[in-house]
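Each structure below appears as structure tokens.
In what follows, chain A forms one complex with chain B and a second complex with chain C.
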Partner chain A sequence: MKRFWAMVQNEVVKIIKKKRFYIVLLILAILVPIFSYAQMRQSLERQESYGSDWRLEVQQAITDNQNSLSSDRVPQEWKVYRQIYIQQMQYYLDHDVNPNEPGGVTFTREFINNSATLFIPLMILTIASDLVSSERTGGTIKMLLTRPVRRWKVLLSKLTALLMFVSLIVVSAYLVCYLISGVFFGYSGWSIPIFTGFVLNGSDVDLTYVQATPQWQYLLIQAGLVWFVGIVVALLAFMVSVLIRSTAASIVVMMATLISGSILVNMASSWTSAKYLFMVNLGLTDYLAGNPAPIDGMTLGFSIAVLAAWGAVSIFVSFFVFIKRDVLT
Partner chain B sequence: MQQPTDEYVMRVRDLNKKIKRKTIIHSISFDIRPGEIFGFLGPNGAGKTTTIRMLVGLIKPTSGHVEICGYDVQKQPEEALKYVGSIVENPEMYPYLTGWENLMHFARMQEGIDEARIREVTQLVHLGGRIHEKVSTYSLGMRQRLGIAQALLARPKVLILDEPTNGLDPKGIKEMRAFIRELAAAGLAVFVSSHLLSEIQLLCDRVAIIGGGRELAVGSVDELMGAATDMVIWDAEPKSIALRVLRSDPAITILDEEETDTLEDTAAALLNERSIVTKTPEDRIADTLNRMVSEGVSVRGIHRVAPTLERLFLEMTEGEGIE
Partner chain C sequence: MNSWKWIWRTTAIFSVIAALLLMIGFGYGIRKLMFPTPSLVSAESVSPAPLTERAPSTEEDRDRIVAIGDSLAKGTGDLTGQGFARRSAALLEQDGNRDVQFLNNLGINGMTTTELLEELKQPGVRYVLKEANLILLSIGANDLFQGGAALQTSGGSPNTATWNKVLPEAANRLGQVLDELREINPSARIVYIGLYNPFGDIPSLRQEANQGVTTWNTTIAARLLTDDQMFFTPTFDLFQRDPVAYLSSDHFHPNSAGYERIAERIVQALR
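Up next is the complex of A and B:
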């Protein structure tokens, strides 16, 4: 066991010395201020049009959406989204809660919601995609596998290090986001109530299970879901990195898959068996926010189960191939 | 299964490897004793590296087995690989880590290697001065030495080196040979692969010669190489009389032009239009020279030349050459 943790330490040392994790932090440190600034400009503009009363703004949003419902040019699908949106906003208005209360915490919540399916997975790829393939490209796999250690232990040490870094990336995304956006919007907003538990029946929103969650609690649940998505993406990328010798090819394969996921989500509503693809199930945080599912029949539980199944298969394939394969080049 | 470990440190039995239904290694067997330098000689593409990969468990043999100190590499890799240090092909280390960090990395994978041992092997391969610099700044020779340091870390009983002098300058090659002899003198068995006959002759006690994935011979170097060392170049004028003298002795064979292509480059450079390349047994040289002189031939030179691997192959396969 002591040996095993020493090997995990090896993997951590290699990831850090390759400066992969610094790249992730650097990307966050550059992008978050840009988004924060954009968000700040937007709120300033809103304040100009609606003054300081958020109720006017929410009311205006509801009215705008209601008007568009009567238009023939708006597709039926969009109308469903809008009807749901209207009911949710009405609920906030009725309970006198500002859904867009500005603040570092709210910004963080929104930012993570938007980055859960693509941005955070991409950062995970930076580390996951070359974990095994780089050992093969560099030839160091020969040194690694001629030591008196079983192959599955070598792979497990890599996987353990990867899961540690996935957790670290998720935590860093929150921290960097909160710390930087706080400069723009202040650091408050932990206890603002967020409504969760909207149950969607077609275009109707069932409000019976809706409850107010303090924002800090919401963030915790959200972080758990983002972490789970991150783990599954990491496992898939890990498998691809075992299967493909070239790091570049391995990153491209995973990126293409992730991006195809975000495209499919927008057009697969009538192809229902697409819901078993892992890449359309990455939007776990959307369920939490009460957004409608991209394909009928998808629920939070369903998506978690699909992702878990893909993750399990990835682990199996990674280990099977890594243990059996001849190291020829 | 358990063999007396002090007699042989490595036993290889009937190793076969099939890749995509094509057999590329045919039934290779040999044994290595402690303190012995064992050569593995064959041209490029003969299957040397594939065999080495099977020795250290990187490739699974289709049939046959490899035992190291009595442990089967396939069935008990954790035991067997403890006793082997190896460099397969190039000494590839992590370029973004320092030499020291690389050694720490491999030390952590095994019990019983402390910092004192790392310092010790660093001294042994003379890397002391630059061990804390990144490997990306190392020359090929230094990487080779770091690779050997890594292979020696766990105090192995067998050291496997794949073409250890490849890419080194003449001084480096000499140092490497001296170093390998030192290790063997201390009781370590060293397995060295090479495509250069001279390399094996200078370094090894015993040798296995392979070609086309088959084992052509295994035995002591003196025994196997003796046959091919009687190449003599006669440089004499007039050539016609010299030829007549040489032909009259049945012990001497004159090689045709095609066969002289298999000379080492340094020997080939000596050739001129008067040169006659022969196989002359050592004890026939003085007598032949006397006969030439008495026939009025002016002898400009007699060179005994080192045979090449190709030459040796011709002898062994009786003219079939290397596939």
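Up next is the complex of A and C:
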């Protein structure tokens, strides 16, 4: 057991030496100020037209969406989406709660919501994609496997190190985002109530389960969901990295599937069996926010089950292939 | 080598803490989202005062304008998207006597008096109307013309018989709308935009529609006169001589020039 942890330590040190984690932090540290600044400009512009009264702004958003409902040019799915949005905004307005109270915490919530399906998975790929394939490219895999250690232990130590970094990436995304956006918007907003539990029946919103969740709890749940998605993406990238020799190719394969997911979500609503693909199920945070699922019949439980199944299969495939494969060629 | 040991320890400790935190969040989220409990009470308790009980702001030094009603209020047909609402605000601003703030445009395409009565029950709408001191109202055309559908469906052209039936009911509902607006905001100036005849260039429809629109306008004008702070803005004559020049391509809504002329009328009465 002690030797196993020494191996994990070795893998962690390798990842840190390759400076992959610093790159992730650096990307966040560069991008978050850009988004914060853009967001600040936008809210300044809004303040010019609505004064400081958010209620007027929310009511205008409701009216604008009502107008687009009567237009024949708007596709049906968008109408359902907008009807749900109208009812949620109405609920916020009726309870006199600002859905977008400006602040570092709100910005973090929105930023993570928008980056949960693509941006954070990409950060994870930075570390996961070359974990095994780089050993092959560099030729170090022979050294690794000639030592008197079982192959599955070698792979497991790599996987453990990877999962440690998934947790670190998710948490540091939150930290960096909060610390930097706080400079622009202030560090307050932990206790603002966010309404969760909008149950969707077609285009109608069932309000019986709606609860006011303090924003810090919302962030905690959101982080948990993003973390789960991150782990599944990491497992898949790990499998691809075992299967494909070239690091570049394994990154491209994973990126292509992730991007295809974000495209499919926008157009697959009539192809219902697409819901078993892992990449359309990455938007777990949408269930929390009360956004409609991209395909009928998708629920939080369903998406978690699909993701878990893909994750389990990729663990199995990674270990099976890694143990059986002849590395000398 | 010692420094690597130190890096490994901190990484390990931080990642274990992070993983525990995230696991808690995930578990809590699952419980909350997959096994929800109905608890409206907690949602009620977060808002100290519901929106309906908020007092309106009382600064009287500026015009705070809200437009409400149908597609005309919204500005449909105006290529710049301003409509008479924003155009009147701009004209008032040009006068330079008072500060002008355009609050909201609550116009919704195809709205009828019945739908407007429903809309006025919404807390958000009531809040906006309370904040205003100048309300621009355009409603009724969809009750009378069924949103211009009369023009397209040959059988449904407005004739005298339907006018006589529809008109008193719609006028009655408009009366209720005005009562409601007055109740929501006891002091605001309310400007009603009179109807014009969109069928002026169609000889077969012109005469009957002229008759109906005129009856409507006089009925409503009489109702508005009962309140000192309600104004009737006539638009009938603006589209009488050359409707095509001031109507947009849908033959029903004004175009930019048409809206500009309506806005001028509104502002003239307020100066």
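Rule of thumb we're sticking to: the second predicted complex is superposed on the first by the 328 of 329 C-alpha atoms of A that agree within 3 Å, B and C clash if a C-alpha of one lies under 4 Å from a C-alpha of the other, contacts with A are read in each partner's own complex, and residues count from 1 in each chain.
By definition in this document, contacts are C-beta pairs under 8 Å (C-beta built on N, C-alpha and C of every residue); 3 or more make two chains touch, one makes a residue touch a chain.
The structure displayed is predicted, hence computed values, not measured ones.
Visitor: With both structures lined up on chain A, is it a clash or a fit for chain B and chain C?
Guide: They fit side by side.
Visitor: Output check: A:249 vs chain B and chain C. Expected answer is one of first, second, both, neither. What do you get?
Guide: neither
Visitor: Looking at chain A, does chain C or chain B touch more of its residues?
Guide: C
Visitor: Check whether A:277 is in contact with chain B, with chain C, with both or with neither, and answer first, second, both or neither.
Guide: In the superposition, A:277 contacts neither chain B nor chain C.
Visitor: Answer with first, second, both or neither: which of chain B and chain C does A:138 touch in the superposed model?
Guide: A:138: touches chain B, not chain C.
Visitor: So, does A:150 touch the first partner chain B, the second partner chain C, both, or neither?
Guide: first
Visitor: After lining up the shared chain so the two structures overlap, which partner does A:315 touch, if you call chain B first and chain C second: first, second, both or neither?
Guide: neither
Visitor: In the overlay, answer first, second, both or neither for which of chain B and chain C A:7 touches.
Guide: In the superposition, A:7 contacts chain B only.
Visitor: I'd like to know which partner A:122 touches here: chain B for first, chain C for second, both or neither.
Guide: neither
Visitor: How far apart, in Å, are the nearest Cα atoms of chain B and chain C after the overlay?
Guide: When the complexes share the chain A frame, the smallest chain B-chain C C-alpha distance is 7 Å.
Visitor: Considering each complex separately, which residues of chain A are in contact with chain B in the first and with chain C in the second?
Guide: Touching chain B in the first complex and chain C in the second, residues 9, 13 of chain A appear in both lists.
Visitor: Going by the contact rule at the top, pick out the chain A residues touching chain B in the complex.
Guide: Residue list for chain A touching chain B: 3, 6-7, 9-10, 13-14, 17-18, 138-140, 142-150, 326-328.
Visitor: Inside the complex, what are the residues of chain A that reach chain C?
Guide: 9, 12-13, 16, 49-51, 53, 55-56, 58-60, 62-63, 66-67, 70-71, 90, 93-97, 163-165, 167-168, 170-171, 193, 195-197, 199, 207-213, 217, 220-225, 227-228, 287-288, 300-301, 304
Visitor: Report the residues of chain C in contact with chain A in the complex, numbered from low to high.
Guide: Residue list for chain C touching chain A: 4, 7-8, 11-12, 14-16, 18-19, 21-30, 32-34, 36-40, 42-51, 54, 74, 101-110, 122-125, 127-128, 131.
Visitor: Taking the touch rule as given, give the residues of chain B at its contact with chain A in the complex, in rising order.
Guide: 19, 53, 56-60, 77-82, 84, 86, 88-90, 92-97, 101, 105-106, 108-111, 150, 154
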